[in-house]
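The structure under discussion is supplied below as structure tokens; questions concerning it will follow.
Letters A, B and C mark the chains in the order given here, with residues in each chain numbered from 1 onward.
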């Protein structure tokens, strides 16, 4: 099935244009995310050029989603009140035509959040779903009868991702050594990035937030998810050169997200 | 009206004395703040010489406020339980004569927290209110009939701030390229700082916490708010020299808050 | 009483072996911790070689504890929902024979969390209790009739710690300039570390998390608590050399936790 997908249809120049738009328009990104990565996510968004707003209570989430450029729903540490806020934010985003990103952290491994993720996926569909291979398989298993495979790599998950994307009219981004992003018809494969990204908590979560930002400045959700992935992983390539371990890498990553130009992004992008 | 305010009545040496007191007395600062900036705020307070304590549940907030040197109430991510805790902390602070600082994050832009901010402001008045121009205008609009102007700068907000300060017997600090702090009679204008402060999440929130710390070691709330502003922005001037982007800037800012001496603070302070 | 304890019975090579096991097995560590330090704790665990998971809601905590290698319960910012989750996680850990660590942050200073700490301690006993002298005395006061002494140092607390360890069949770790860890029979004293550890929020909290990680790879809880202490404080020695203040120290600490080899840990360990 993977062979039938249109591979890497987006030219590097498209990525540069998306980053240029992001910097010019500074999209307001509402994040309903977890307590572990809220700070890092906000700093990643600010460094990249977005305007983050962590509005995640049940009273304000729906209304704020309607005035945001993009919304992130991340299931890292759900609580009763924030889970209600997530449902409200999705309603608000849909009502106003605002794109939203679902990051089903640990779906498949823990039951409550898995049920929330499946509920959200089955309802008003997300613009983009972002996760690692296991998380994507867990979602597909719920909606399409596939089993959960907790050690699934990105390569194994891409066929399931493409099916899920077609079924739910969404874009599915599967993180891994090679990141793969598909809308069920097209497939973008990006080979940038560094193992340190797996040693900094919240790198994946921040990627979901960046996708919500890019989705606020382009109508092509595949480009939004791919440009966010490219920005984070190309910045990671640069950051790895200037760092001694995961601590200094995380600091340099924020610096590089700020410093990276659209031209450099297009040049250093490695489509696989 | 601004012309009628007594401009920059505090000599630089007063700022140095305030920092000396802060370092000697290491005030216990209770923070009821948001999940995004709690870590950064605690590290800013520790580096400056305060003893932070994030006691923000409804059971403990009132009693702990009474034994704190200063209390911060920051509305960045309010929830049902923490909003109750904020009300309790204000009661505890007032009952024991402990100064407290209100930071009405995003007041005017989001309804629930705006109503909490107005409720807190109308009740037992804060020692200091800290915000950007829009937030201060939103508070004044609620209490004094002024409209909300979401893009208001610090300069436009200072007249409203002075009126609010007189009405509520408080000090109002308006962040901006030039920071302005007034008690309705006096006005301190500080021109230190660096644009990177707007690219690190929580710089403003941490400033509110520092104000609560300084308010714990001086009876002059105008001096407390001004000294906190001076400390953060002079440290930012130094940090900007040692950094490549907002990531390394945030790290260097913590270092500089620890390293800055009272003498250097007085020397580098730019009253405008 | 301290003289009757078997002093420093663990050879440095045992610490090296424990770190080797940690790196090889990458234990899954469930953290129910506070909003201030969740990010830093996760990054410390990742850098050291563990797999952190902050599962702290009441629906998922019990089940997740049963599949974790170690569980941390930290009382830094308890709320109604997370306090329930802590009780559930302890049940889950006990039911599955999973070690768990209790960090009674600010016990003795604030009533509600003190009662939760005493309740948890009196119930299914923790594998390790970690705190500063005051916190340990507060717990012992509750279970053994000793009074709370808020400025107690590690030295004064060790006798109480040994008694508590024997009574509750647990290991008690008391942080201080010299860290002391006892199971009531043996006593390990470690003299590594740097004052900057007290100027970075969450250093102690992250230590508790590391103890949960080491407890997941060794059956000797004394060794687990001691190896975690050694790893953090030896890394701190190295980090202090490469830093200008608490900001750059925290970054370098994460780097060093990643870089430190088992051999270097054994070599640089200072048993006191």
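Note that in this section contacts are C-beta pairs under 8 Å (C-beta built on N, C-alpha and C of every residue); 3 or more make two chains touch, one makes a residue touch a chain.
Being a predicted model, the structure only gives us computed values, none of them experimental.
Homomeric contact chain B/chain C: same residue numbering on both sides for under half of the interface positions.
A turn of 120° superposes the CA atoms of chain A on those of chain B, with the angle given to the nearest 5. Taking each chain's centre as the mean of its C-alpha atoms, chain B lies 34 Å from chain C. In chain A, the positions touching at least two other chains are 35, 39, 250-251. Contacts from chain B toward chain C in the complex involve residues 35, 38-39, 42-43, 46-47, 52-57, 59-60, 63-64, 81-82, 250-259.
Of all the residues in chain B, the ones that touch chain A in their complex are 34-37, 39-40, 76-80, 106, 110-113, 199-202, 243-248, 250-251.
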